[in-house]
Amino acid sequence: MKLKKGVNIIDQHDKFGFYCNGKFGGNFVAETARKPIEDLSKLFEKLRKSKKFLKKRDFYFKHYLGGETPFFKLNNLTKYLGGAQIWCKDVSAINGDAHKAYHATVNALICKESGKKFIAGDTGAGMFGKNLALAAKEMKLSAKIFMGTKDISRQAPNVKFMREAGAEVVPVDSGSKTLVDAVSECMRHYVSNCDTTHLAVGSAIGANIFLKICAWSTSQISRELKRQLIREFGEIPKLKLINVIGGGSSALGFWNEFIDYDKKHVELIGVEAKYAAPLATNAKVAILHGAAQYCLVDKEGQIAETHSLSAGLDYPGSSPLHGLLKDTKRARYTLASDKEALNAFKLVSKLENLRPSLEPAHAWSECIRIAPKLNKTDVIVVNNCGKGYKDKKIYIENIGYYPK
Amino acid sequence: MKNSIDNIFKEAKNQNRPALISYTVCGDNNKENSLNILNSISENIDIAEWGIAHNCPTADGKEIQNSSYRALTNGIKLKNIFQMVKKYKKNKFSKPIILMGYYQMIFNYGEVKFIKKCKEVGVDGLIVVDLSYPDNKNFARLCKKNSICFVQLIAPTTSKQRMKEILKVSDSMVYMISMISTTGSALKVTTRKIMENYKIVKKISPYKNVVIGFGITEKTIGKLKSADGLVVGSAICKEITRSLNNRQNPVTNVSRLVKNLKKKTI
Amino acid sequence: MKNSIDNIFKEAKNQNRPALISYTVCGDNNKENSLNILNSISENIDIAEWGIAHNCPTADGKEIQNSSYRALTNGIKLKNIFQMVKKYKKNKFSKPIILMGYYQMIFNYGEVKFIKKCKEVGVDGLIVVDLSYPDNKNFARLCKKNSICFVQLIAPTTSKQRMKEILKVSDSMVYMISMISTTGSALKVTTRKIMENYKIVKKISPYKNVVIGFGITEKTIGKLKSADGLVVGSAICKEITRSLNNRQNPVTNVSRLVKNLKKKTI
Amino acid sequence: MKLKKGVNIIDQHDKFGFYCNGKFGGNFVAETARKPIEDLSKLFEKLRKSKKFLKKRDFYFKHYLGGETPFFKLNNLTKYLGGAQIWCKDVSAINGDAHKAYHATVNALICKESGKKFIAGDTGAGMFGKNLALAAKEMKLSAKIFMGTKDISRQAPNVKFMREAGAEVVPVDSGSKTLVDAVSECMRHYVSNCDTTHLAVGSAIGANIFLKICAWSTSQISRELKRQLIREFGEIPKLKLINVIGGGSSALGFWNEFIDYDKKHVELIGVEAKYAAPLATNAKVAILHGAAQYCLVDKEGQIAETHSLSAGLDYPGSSPLHGLLKDTKRARYTLASDKEALNAFKLVSKLENLRPSLEPAHAWSECIRIAPKLNKTDVIVVNNCGKGYKDKKIYIENIGYYPK
């Protein structure tokens, strides 16, 4: 299997929505949801070609989300580690504090276009929920955010945001009380209300159309980064793009424009949480939330329980697109433990004026691990895709402090 | 075959009543009780649907989620399900049995191996909730080759064009979902509206046996009795939950419920 | 013996805290989970009480009735309980284990055979809810002969005279029931009142290890921590019910609850 | 083992409350209940010797319960069956419609004496519940009646009586939803409230004191019968006393005065419901509701489920005193099926102006079975211990009618 050059990765599926000769993706959904999903697909394909819609999107990205996020070199960390140059694409500087802002905004815009008044989304860390709540408010939609009760309690600051934005936060108390159950419950809500409600899936997962919309939205990051790289280096230098992977929306956005590059030129490195790492640990392919994907399952095929201190990474599956990138060896996937992520946070926040949330702390950990072994000409870019405030309590509990 | 799905429908039709189809989760609340339940309701049902518990059942409402959870907590495995079907089929009052599940369970086991095993133990039909048309073409073919009835689903959202396509390739039994919903919520449309949809399906395919399911309870079953068949699932699962919460015997309670359901269809 | 009930109390005393004693029903919610629960809480408890499920538990409140019912529904038998104790005791972090049950279960099995089996599998103590003094004299003697701690009970209704008699014949561990109640209702007396009763018992027998039980929860455990030991039962059983109702993992949930209980005793 | 002559059967226990060398009875109760049970025992022993209390009891039996119940020959049935003379001790003619009236009244009197204001009792058929509710009202006590939900629905007329008398009917929805669970729940209520509440156990079961109070109360029946027999026959003729057995309170009351007679002179025959017949089917001895007794259990020792159309008989255990009577061979026990009881009702109600409830219908069934084989000199007396109105619905459902 080879990736097609010149075709956006999200479009490299067959007519049934499968990637990689039927191995990943698809539309494993109940009959009831087929029609609304088909309608949504048609709408999306229309909108993405519509100049008017693209203009609207760009307008929102610029004026509502604050435009281009910064790209800068981390001199202290580079010096401290004494190897590759370390750069930061600070997506967390966006209004909305994480890459989920793009995806939430686009979903709200699509919902608007579809004529539906209700929007439902899942959230783990609460970043997607918060952004969806805000976008819904902006666009006068009524939002329901599904969130595991474990996550509601560990990501309380984001829950407050959602509620203040007028969204209904639906607590999901079943199973592991985390993202996987929130997604399931949100999908159930959709199956029961698909005539009136737009479903915004929180990562690049789900039936074909949902992951397409997601990755299409976040790809704004790599468009910016490409421009910024050329601005800084006059060309695309030898790069390592390190990104944390939960469902994988952030990484896909960060990498999108660079997939056609040779991997020796632009290496793509995904970092999963140690006990939620289907890609890094060669998990089986399973059907979860409507698509075939690498996923942690037990012998019987039941979806496995995961663990991560980071609510955003505590998910057994992965985007079908990452399955494709893995199988084609275009990206490599590794993992970081809670401990390693915490240590990375300590170091980065000590040396730099950055406060990554737990999720990007995993990416930073990989950066810290590999940078010393590389040369000065190597350029590492880490997607600092989330702000740390939401994890303040967890950091204090685990490392004893949260830097100012 | 005397006891085939087709004959069962014929017989019910001769008696001027819909086929009554139960849905329970295999292994709910545990292996022993779930078989006891099925055996004890067999005199009043025409076809038994047995759910394959999955821990990520995205199309199920609370009641069936509870049932699946109990079955899994009490250790149900596919291996057990096959054994239990075999055991059930040895009961001389057994009815045709349809396994119902999510594609992941079949995919993980291996499609071909799964169907072979189904045939071996005597499964009569299969419903795969999240393997819809046209993605299910290959699987449906495999079923046909092994004389297992692959039951296609039709929803209120299904367009007439799509309906026609589905009915064209479908086996003799078709499952019409009553409303836009997961399993197990209250009927949120009128029974009249449901029967209108039903008539549309029947008009396209008068000779297919069309069963209606989702949200049917003791209260509503009587008003739907002109259908070819009626599936009651969540109401049964709920009765198991209720029994357990009151420390009552789920076997006798479910048996009584199904008897009442049957009464209301004749 | 390092891990004897007596030593466990000494150790807790050295750490200036009460021994924490869990009560769960063996086989709740099923065999596998109940052993998993016990293993997972063992780091935070000092002694484990394991209930022998009986289907006519006249001294148990709703929570423990639910637990017993689940265990029975999922097939628990005395045979299994003995096997599971044996298995548990092989875990190197295991704690002393006390079986607790109604006399009928022992009577039906045969007293002598029962105690022999207890000794064989490593049961450290026994509580028989409805075999009170002086009817339990013979049984207590049998326990003593087999080095099994027979735990006598004292209730708020027990007269001082009777208390003295009971304490005189009792083994080193004694169970003081906190209030007039079945298991598992909310504390209906103040913790101060309970500690007053406790002091009366301790004054009669300063060297017996007196544990308090019935109605203790996360909320009240802190206020009773000057006792020799505290038993938490219904609160744990309730957490299992809650977990099951929410389709959560009872093992992790109970484990977290017990960790919190432990925290509040130190 | 032999019965002691000249000692009331209820007093033939050892100091631990056991009958038959420790085989039956005892006090298998939680420590919490020991003291109140001891107090009750002392009170009862005092009261039964107190002339004042006995006078009060007799006063209530006479003026509140209506005095002696009738004893008469059933000429039509005797003729129809063509064997023994058939006589009826029509206990159902009492105010309260069943022998439970004695026992309920005595319990209310004892409660009054104890100074307690609350009384709690179990009921199956509702006869004890109804009588306890009425007695509590009469004596200004607050009554709680525990009743299985299955029984609440099949014995609705009695539930109405209880509620109208101001008692709280506590529905017991657990287990089999019948008497066994009602007794358990009532005992739990007692364990939790024994400082303020008097426990009235509905049959001759439970810890020693409860069965003593019960059998002592119902023995009024045999005192009357003895007088009536002598009035009719001038002596105690060769007798067969047939009585239905649920827990066994009715039979013990019916037989009490005749236990010292030789069994060839006065034969005692107990009739159980077919699928609730621990005595007739040689069940194991088990500990149930505080006492050792013949009881239906499974292999593991768990209490078995029973079945009877008659709520009053749907109970797995039996009075320890019946264990004693069985083991000493003083009484013999047999059983009747639902069908046989229904047929007996049909015949008796057709030939005589009697409408027995389902419980005594079992006794009638045995009478019908044996009478034809006996001689004219044999006298069968059946305790017609309950009125049929409460089973009207069940009779109609099963035989199609209820005679006027």
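Read from first to last, the chains carry the letters A, B, C and D; within each, the first residue is number 1.
Basically, a residue touches a chain if its C-beta (ideal position, glycine included) is under 8 Å from a C-beta of that chain, and two chains touch if they have at least 3 such contacts.
Just so we're clear, the structure is a prediction, and the values are computed from it rather than from any experiment.
Distance between Cα centroids is largest for the pairing of chain D with A. Across the two candidate interfaces, B-D and C-D, the one carrying more C-beta contacts is C-D. Chain B and chain D have Cα centroids lying 49 Å from one another. Rounded to whole angstrom units, the spacing between the C-alpha centres of chain B and chain C is 45.
Averaged C-alpha coordinates put the centre of chain A at 38 Å from the centre of chain B. The set of chain C residues that touch two or more partner chains comprises 65, 69, 247.
Multi-chain contact residues, meaning those touching two or more other chains, occur in chain D at positions 174-175.
Chain contacts in this assembly follow no simple pattern; the graph is neither a line, a ring, a star nor complete. Contacting chain pairs in the structure are A-B, A-C, B-C, B-D, C-D.
On chain C, the positions that touch chain B within their shared complex are 29-30, 32-33, 65-66, 69-70, 73-75, 244, 247, 250. Here chain A touches chain B in the complex through residues 16, 26-36, 174-175, 180, 184, 187-188, 191-195, 284, 286-290, 292, 297, 300-303, going by the rule given at the top. Residues of chain C that touch chain D in their complex: 54-61, 65, 69, 72, 77-78, 102-105, 107-109, 129-135, 153-159, 162, 177, 180-182, 185.
Chain contact summary for the complex, chain D toward chain B: residues 173-177, 305. Of all the residues in chain B, the ones that touch chain D in their complex are 246-249.
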